[in-house]
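Structures are listed in the sections that come next.
Same chain, two partners: chain A is paired with chain B first, then with chain C.
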Partner chain A sequence: MDRLTSKLFIPILMLSFVTFGLSFDRFIIDRSIGVNAYLIIFIGFLITITGLFILKSLAIKYPDRSIIGLGDKLLGPIGKIGTPLWFILIFLLTVVLARRVTDEVSTVILFRTPGLVSILGYFLIVGYMALLGEEALGRLSSVLMMAIPVFLILLVLSFREINFLNIHPVNIYRNLGYLRKWDLWLLIFTPVWILSAFFGTESIRNEFKKVILTIIIGTLILGATFLAIAGVFGPRGIERYQWPVMSLMNITEFASSYLFLNAITTVFFFVFLALSLVTTASFLIFLAKGLGEFLGLKNNQSKIILLAITAGLFALTAIPSLINFLETTSLLLKVASIYTPIYILLIWFSSLLRRKDH
Partner chain B sequence: MRLLKFGRLGLILLLLVLCLSGCWDIVPIEERALVIVIGVDKVENRIRLSAQVPTIKNLIQTASNFTDRQKPMVKPFVVESSSMLDAIQQLEDRIYKSMIIGEVKIIIVSPQVPRKDLVNMLTIFLRQPMVSFQTLVFSSEAKPEEIISSESPFDIQPGLIISKQQRSALKMAHSFPIELWDFIARVDNRTLDPYLPVIRLDQENKSYLLQGINVFNNDKIVGTLSSDESYLFGILTDKVEEGYKEIIVKGQEVGFGKVKYKSKIRIIRRQNQDKIRVDVNAQGTLLEIPKGFPNRVKTYQLFKKEMEKQLQQQVLSFVKKLQFLNTDPIGFRKQMEVAGIKNWDEVYPGIAVDAKVHFNYRNFSPAF
Partner chain C sequence: MAKRLPSEPAIEKAIRGPRDSFIEDIYDNLSFIRKRLPDPNLKADETIVGRRSQTKVAVVYLEDVTNPDLVLEVKKRLAKIDIDGVLEPGILEEFMKDNKRTALPLSLVSERPDNICRLILEGRVAILVDNSPQVMIVPVTLNDLYQTPDDYYFDYWAGSLIRMIRFLGNFLAIGMPGLYVALIGSSPQLLPISLGLTIAGFRVGMPFPFYVEVLLAEIMVELLREAGLRLPPGTNQTLGSTIGIIVGLAFIQTGYISTPTLIVVGISAIASFSSPNYAIGLTWRILKYMVLLGSSILGLYGFILSGIFILAHISGLSSFGTPYMAPWGPWQTTGVLDSVVRAPHWLRLKRPGAAKPNQPNRGNKYPKE
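Presenting the complex of A and B:
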């Protein structure tokens, strides 16, 4: 089992975390939440930090085993069903993520390019990135980390459009709907759970503070993003937009001249695409390597599995209609975001009942 | 490794082929009808859509043998239909070029467009993937097609002139831009009312006059602000960046330049009565001093006092006009909502208003 050092793992973690927040923005901004969307991120943060402590205790107790191996060892027959089910959910989550990204690309930028071609191009790049392995992906992510400060600059520019009355503190207690939205607390933290459990055991064991700091920075970035969206579009206005972050960038002015009208959107598009590619590739590696480990396959066989999974992802992203996605996405996101923490908690509980593995 | 090398090469080739698909159906710029200004009107229950299409060849700025400055730079088109989408299609059917409606920079709406249609029409533009959310929206006094059909005396495409003129920070005194997304967001949120700057044709100078504002109650036009009232709107929304201001002292005009304003709106809640409190801080340079006023400190003090007094009266009467029209493009209702006034919508027209203006001289004039 290959593990990433913190220098390679933290960039992947950061980029994937931010991507989830930017991709599933529409689902975080729920009707019942109003302008308080940014608050649910902080609730999710507290739960996830607790989860990281659990993962740390597992990493210390079982230093040579991955989460897949632990599921098999500690849960027994439940693990035999639970792990494949986890793979299926993450596979479907990757499909939804890829579809969100490629739909956005097709709608906002490449509107004359057939959707099938966008999806094919997307998965060719993702497949290639995943084929090079997690170490290469980690190195690429280290370079692409510069996209985060670029995004921050765009975000700060968008603050000029905020009407601060929309995010006045009175809104916090006036609309408490966000407290009921348990599924949204965890949605954008799903990559943190998955990637930390699979790639990050070494980093969690040795560089726990750095991992926590990464999550804190990511949470602040996403919190500020949702704060800006709520402040700009207002409590009722936020429901109008299919991709609220892209819409926020669309209304942000770099300069008042018409020549710069879409400059921010264009820069954001490249940032977002880079982050999405890394995230999808990291999920693809998780699926291929995890499945390979679960089935006890050799490294070469894992590569064939990776190609098969990429083909499967492409097919499942390209074939279903828009209606199919509208019908299933919300439920799938709920199930996938809650299943991962529950499965990890289950492994942890089982570990408490067993003696240390020598 | 060999498989990986072949895979890498194949991937690069495949991506190049995918990029080539963009060249397959490319439409050169001369073959595109880039609609930059579009007018929306309603006449006898039918939508009247007008579009200003630049003639690209005559639009090119650089000196060229192919450029004929005498020929018109734009070609107007006007169509009528029962629905907005059909009107857009009607336009497509009349232009031999490929029409790119996504390049629209200016939308001019006639006051004749009924309330129920206005937001629907504008959101159609917002839903067009290519149309910028930052597209400027105007209200015309007469038919938008008159503005669309007019020729500009400048060597720049008229739509771009309007955009430049409206967005210029130094000109923001009697007209203020509103972008498409902002108009729609204001209607969506139902607290801060939208407004539309008024555009007119200046026949004498063959130019565009951007003066005055049409104000709304949610999506319904309820009145028009004159250029002076628009200036007060700019003061209360901190939109006036470098304005002039004239007051009358002892029957004579006293003028200030480079006047900047900073306003603060508060809701004061008392047991017996809630109140809107407007505080305006202004800074400016004295430019126009009438004859007979000596160069003394007392004169400066007198002008300062008069400026504060007169501006306060103007602000008060302006806010009262807004209350009378039951429109709030400033944000009083949002402040009332935040302050905890539950039925802010009903209370707003009758709530008491208090204003306080504080004026300071920004710097000396170079000459007295």
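Presenting the complex of A and C:
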């Protein structure tokens, strides 16, 4: 099923990919994965690119079906269980994402306001954005793409603070232990898999080069950011910060003027919040429309599902203990990021065993 | 029946360019357009709307440039209108809107023939209503509401500067009171210490919280603005400014409103007039209160959330199928060349993609140096 034109899909893909990656930087770079950890982003990248080729072949073979429909059609009973499980994992991933952003709001801006209020505000806007639909979200993303240079400015300015002892660029071949943790890096590519499989059918079929280029640019931005974080803080230092990207800003000391520094921090926070809202809304649309399609509901019924999912996300995000559990174990993040490619791979294998669908 | 002679536009004044404006007769208005565009492809399809008023309505477009689907859609929406009387294009506008619940204007109304001809040349459709000196244009984007004929008559440097000032002015008009409340109320640490202390010093002994202060000052400005429109010409300016100064001073001296609040509200009020389109200016006035409310409840977070809410709302709008956020969302290079910056005429070789014109190229040729 065709979802979005590439003009609208690519901005959503780019923003979600970059924002999601930056939101989960804390979980990806830690001391357990060594000083050259940032290098294995390439493993995640190569796996994702391969996955996009698989999605392309599916989009050509089944031009009128989305990944949800294909799961149901090609996998039969496995699809009946596999798709809802996928929804549950993405649902929980969305909860963690929202909680990470709203926790930061409570720390930086609203330190005297109950966290519940900032979570409510967050989901009211996300729910509204999702109700407007993917086309409106694509247009909004297209406008917000102009904010990407804000990240790049931060990056460029932070490079001068890098301590090369922290990243050991000459030690690449001597210490390959970090390669064992390649699975962690799939996490940041999760939006690419989900959005490409669900919204990007048309773009993958007709504008594949543009999609690949978007992923390359996004990977370079994320890779450079992780390099800067690891270089500035060191693998052990990262543990001190809940939001290494935000802390990177204060460390760089690029502005001597207090007002200027605060103005830049506010703009950066605005940008980051806007991008996080877009990412959460795109996941929400995926959940609502995907579930609607899976259950065979009509469009107006999907809107009810969307509201119900938004309420569910809010309720779950507001439970502090659950989030603590999710964050400390990190198991969910691993499972969700590995499950998505495996499920798509399963659909693809199944499609190879069948004749072309006319 | 006696007719008014064409006079200088009352609202859309220009430094350069023609001084005539539309009048209340539809055929005279058509002749103003045809005089500027004596092109055989310029079509005017007449129809009647309004059961009792039997108002003549003309749909004007360039047959070879305008997208036929757009013309068809305009005619279809006009045909659907079943109303006792049409006295002004504003009534048609409400019936023909893509989104009936939005406060944003999804069409452009102009009293200048040169402005309407410029938009017809871009492949848009003009709707003329008898007995009205205003002509409606569809489809439009938010960007179109910031363009004036002056931008094209002055060179592109001046045109671009004026545009940037307009956009900045609108940002200040919507965001300044909200940002002030957010910074003072929840995030004073973001202000330089000296500025924060100065504002705090002015607020010592104030009986109202700062957001009530801002609201009071805003209501005062709104009342002055509305009263200024109704006062007899000649006295409105003198009375308006005198009352404004006296009441403002009285508020400060009695200690109901602090000086920084009055400065912020004053700048916001002046900035709101930077918009060349009155309708969009009115909408921003409404949205300003929404931002103010968000900032009062959730501080800087509320300010950011309301800003994103407005952006998302605009992104969800369309005018006759054209994305209202174009040329930025979706990105349209042809339109971006005529947005915040007005590119030179020799670079604007293509028509903006907003109206999906049949002939994307203007066909202009510029001599090479």
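Going forward, the second predicted complex is superposed on the first by the 330 of 358 C-alpha atoms of A that agree within 3 Å, B and C clash if a C-alpha of one lies under 4 Å from a C-alpha of the other, contacts with A are read in each partner's own complex, and residues count from 1 in each chain.
Note that contacts are C-beta pairs under 8 Å (C-beta built on N, C-alpha and C of every residue); 3 or more make two chains touch, one makes a residue touch a chain.
Remember, predicted model here, so these are calculated numbers, not experimental data.
S.K.: Who does A:7 touch here: chain B (first), chain C (second), both, or neither?
M.R.: second
S.K.: Between chain B (first) and chain C (second), which, if any, makes contact with A:150: first, second, both or neither?
M.R.: In the superposed model, A:150 contacts neither chain B nor chain C.
S.K.: Identify the partner contact of A:262: answer first if only chain B is touched, second if only chain C is, both if each is, neither if none is.
M.R.: both
S.K.: Quick check for you: in the superposed arrangement, does A:270 touch first (chain B), second (chain C), both or neither?
M.R.: A:270 contacts chain C only, not chain B.
S.K.: Once the shared chain is lined up, is A:137 touching chain B (first), chain C (second), both, or neither of them?
M.R.: Once the two structures are laid over each other on A, A:137 reaches chain C alone.
S.K.: Regarding the shared-chain residue A:105, is it in contact with chain B (first), chain C (second), both, or neither?
M.R.: A:105 sits against chain C, while chain B stays out of touch.
S.K.: First (chain B), second (chain C), both or neither: which does A:163 touch?
M.R.: first
S.K.: Check whether A:236 is in contact with chain B, with chain C, with both or with neither, and answer first, second, both or neither.
M.R.: After superposition on chain A, A:236 lies in contact with chain B alone.
S.K.: Per the contact definition in the header, classify A:113: touching chain B only (first), chain C only (second), both, or neither.
M.R.: both
S.K.: Once the two structures are fitted together, what part of chain A is touched by chain B and by chain C alike?
M.R.: 113, 117, 121, 125, 128, 258, 262
S.K.: What does chain A use to touch chain B in their complex?
M.R.: Result: residues 107-108, 111-113, 117, 120-121, 124-125, 128, 131, 163, 165-166, 168, 170, 232-237, 239-240, 247, 250-251, 253, 256-258, 261-262 of chain A touch chain B.
S.K.: Quick check: in the complex, which residue numbers of chain B touch chain A?
M.R.: Residues of chain B touching chain A: 4, 7-8, 11, 14-15, 18, 21-22, 25, 105, 129-130, 132-134, 160, 163-164, 167-169, 179, 181-182, 184-185, 188-192, 331, 334-335, 337-338, 340.
S.K.: Which chain A residues qualify as touching chain C in the complex?
M.R.: Per the stated touch rule, the residues are 5, 7-8, 11, 105, 109-110, 113, 117-118, 121-122, 125, 128-129, 132-133, 136-146, 258-259, 262-263, 265-266, 269-270, 273-274, 277.
S.K.: Touching residues of chain C toward chain A in the complex: what are they?
M.R.: Answer in residue numbers: 186-187, 189-193, 195, 298-302, 304-305, 307-309, 311-313, 315-316, 323, 325, 328-331.
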